[in-house]
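Reviewing the structure listed below.
As written, the chains take the letters A, B and C, and residue 1 is the first residue of each chain.
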């Protein structure tokens, strides 16, 4: 779209590791790899301001007259409604397209053509698509900013950013903390992206998983190369007493070829009040949701259970990103 | 959600039969049983103001910056779009979620978790769900108000409230009137809820149905216990001459095990110009819609046909409820 | 809906070939046949103003408080999102209903009842429906304006208007130009409608298609009766050097009973840089989209490729029509 000075967006370039003084205006949000520590701090600063705004006045008019189109080629009510709420609480408008895979706009049409079609009406595009690299493809042909809301086995960078912001809001710091990631560390893109972002800070990482679901070796290597201390274990109990953050993920039955393998590990990483009794008094328990039975409902009332607040932090982070790429923060 | 002073909603309690001075702020709308006569009169007063506002200026900014999330686990275009229009005409924003049953947010996730997820972005939740008690379950775990938009065989309280408001607007009074409910009185939750609300006034109720589709005995007893005069008959002609309100419902073929039973009653309760010729000159003909052939299109131009106005009254009632539970009326 | 003076809409009449001084307020948009040359010029004037508004400030508040309901009985993300964006950029609100064919509102209910239901909340209705004449049926029973967004084999008048506006914006004139329509001229309602609108101007029309997909004879006759010079040919090369507008359409395999017939014509009308090398230097290449392989991506960077701008012009035309039928332009 062309209104409100967004023509400047035509000159956008995706800068990986942009210098401190780089404005986010017109930038795409495609990968956690594009963010420097300074970028993260800038995003958190704006997200804190968004939190204050929402808590005091509910919504603001920062993006009045701007239009976001959310194109979801696979269903994700959670992510879609979070982006919608973020845009609406900034005073902007949303066109939410779901079931894109079956729509006439998609039939026999390239993703590139569809994105350029939607761009004709929009100031910013949010894309969820099952193919890795799809958001980058969309970004290459469009002039307006594209935000990757999950490209299949690729990335879901706004999830990683909201996870980071949750830690920042709950603990007030990153440096010197110990983060334990628990469960399926092999397939979960969430933990891959989060661990990469954590390398910007002085964080010790404990990876707790069954042998079959260990974090891929090349990622562990990447983290160590970046100077991070990474410990791997299958034993939750050993990390419980000193973890500042407990990041729990779901172990999916579908990941196991042999059901008896699943039966063995199932139940090893379930957080209940008993387990929480052995965690630090000021630990932060997170989960990317949806949960099934990895965290029992009895834990919900524990003040350390941050997973519902985590969803709210996601709203502030997405508000921050939208305002920033549209040049308003 | 936390903005705009809704923190007070954290202290919400669902009060059945709340006293006259109770504010609706932060209350859930779950069941017709929660409303006193004073509550009804207050809702109608606000709904009348909403009607005036819409007729004179179209929309107002009363709920600017507030966000409604409508979670529909079964399709109901009619109810969903009525709530959406109500929120939008109050200047508020809407996230409309349909097909929830098949979405990832719902897969393997409890209703409670989904509702707490949506609440993280929202100021008020509207829930349509096939299970009885679902709205009450949602209300138990959320801090923001929940409005029941139909919980399967349970209730659909806003439909009953709009039916009441239709009578109020069309006749100008409740006391002393005779209301005839016609058709399927056994399965229709609409007539069950409406008849309960009518007990707050001095109304005589005529129940007209085939034997197989009579109003459940326990509800008839409940109405009589509340002091209402209730007559049951299978003969529409006997009630036609003195009914102030004719509330027509659809007799669904699916309700009959034996098709010949359906064939027998089918056609007994069809409103056409001939039947309307024997109704009172100032009767009010209502229908919860959709209709199939219970009312012939030839009746549409009869000034007593109130069913399209009934839909419009629904807008005003939902506007009133939204403004009230969000503390703005 | 009744707000904001739309009561005047009750007196609407669909005037085919309305005189120059006719306001569009309250009119339905059903068919290209309803527009005079003066109407077209008025629409383009308003659309130009809309373009300026969007390019300078993004959105305006002309339709603040007004509500559009878009009822799509068949999917069309492209058309639906264009109308949504148009209403939102005018400051208005939208209820977008998709999958209507499967919704409860539609089950066993006449289109007329559904439209009168939606009208109870809305200021303007946009209807997409697979049956010819459906929009006219809707318009007959509603008081608010109805815009036909495609009625199956019938018409899609806003597509034809945006095609016209594209020519106007790209070339600056209609009189004296040559327009070549290429591809499937038999089934494409787009080219039928556009050619009819072009008869209001001094345009020469070249129809380029395989024998099997020629423009229906009665339409060719209608165009000639209106005074237009119409040439028919199967040879694209013969029209390339002098066409001011090249309007390309897709030749669909499904149109051919015999696959060998398809194989014969497939590839005859493909626009690639080589073909474009033989077109006029200031030609305008258009396509109603989606494209499959009729235009190769290598042409996208050719400044004469107007098909993405065409989509943007569609936004301005729909903004103009909405503002006009709602009495604000």
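FYI, contacts are C-beta pairs under 8 Å (C-beta built on N, C-alpha and C of every residue); 3 or more make two chains touch, one makes a residue touch a chain.
Note that this is a predicted model, so its numbers are computed, not measured.
> Could you check if the interface between copies chain A and chain B is built from the same residues on both sides, meaning over half shared, or from different ones?
Different, since most residue numbers here occur in only one copy.
> Quick check for you: after a Cα superposition of chain A on chain C, what is the rotation angle, between 0 and 180°, in steps of 5?
120
> Could you give the separation in Å between the centres of chain A and chain B, each centre being the mean of its C-alpha atoms?
Roughly 40 Å, centre to centre.
> Please list all residues of chain B that touch 2 or more other chains.
Counting only residues that touch two or more other chains, chain B contributes none.
> If you look only at chain B, which of its residues touch chain C in the complex?
54-60, 75-78, 81-82, 84-85, 88-89, 96, 98, 289-292, 297, 308, 311-312, 314-315
> Under the touch definition given earlier, write down the residues of chain C that touch chain B in their complex.
1-4, 6, 64-67, 69, 93, 95, 97, 99-100, 102-110, 112-113, 116-118, 120-123
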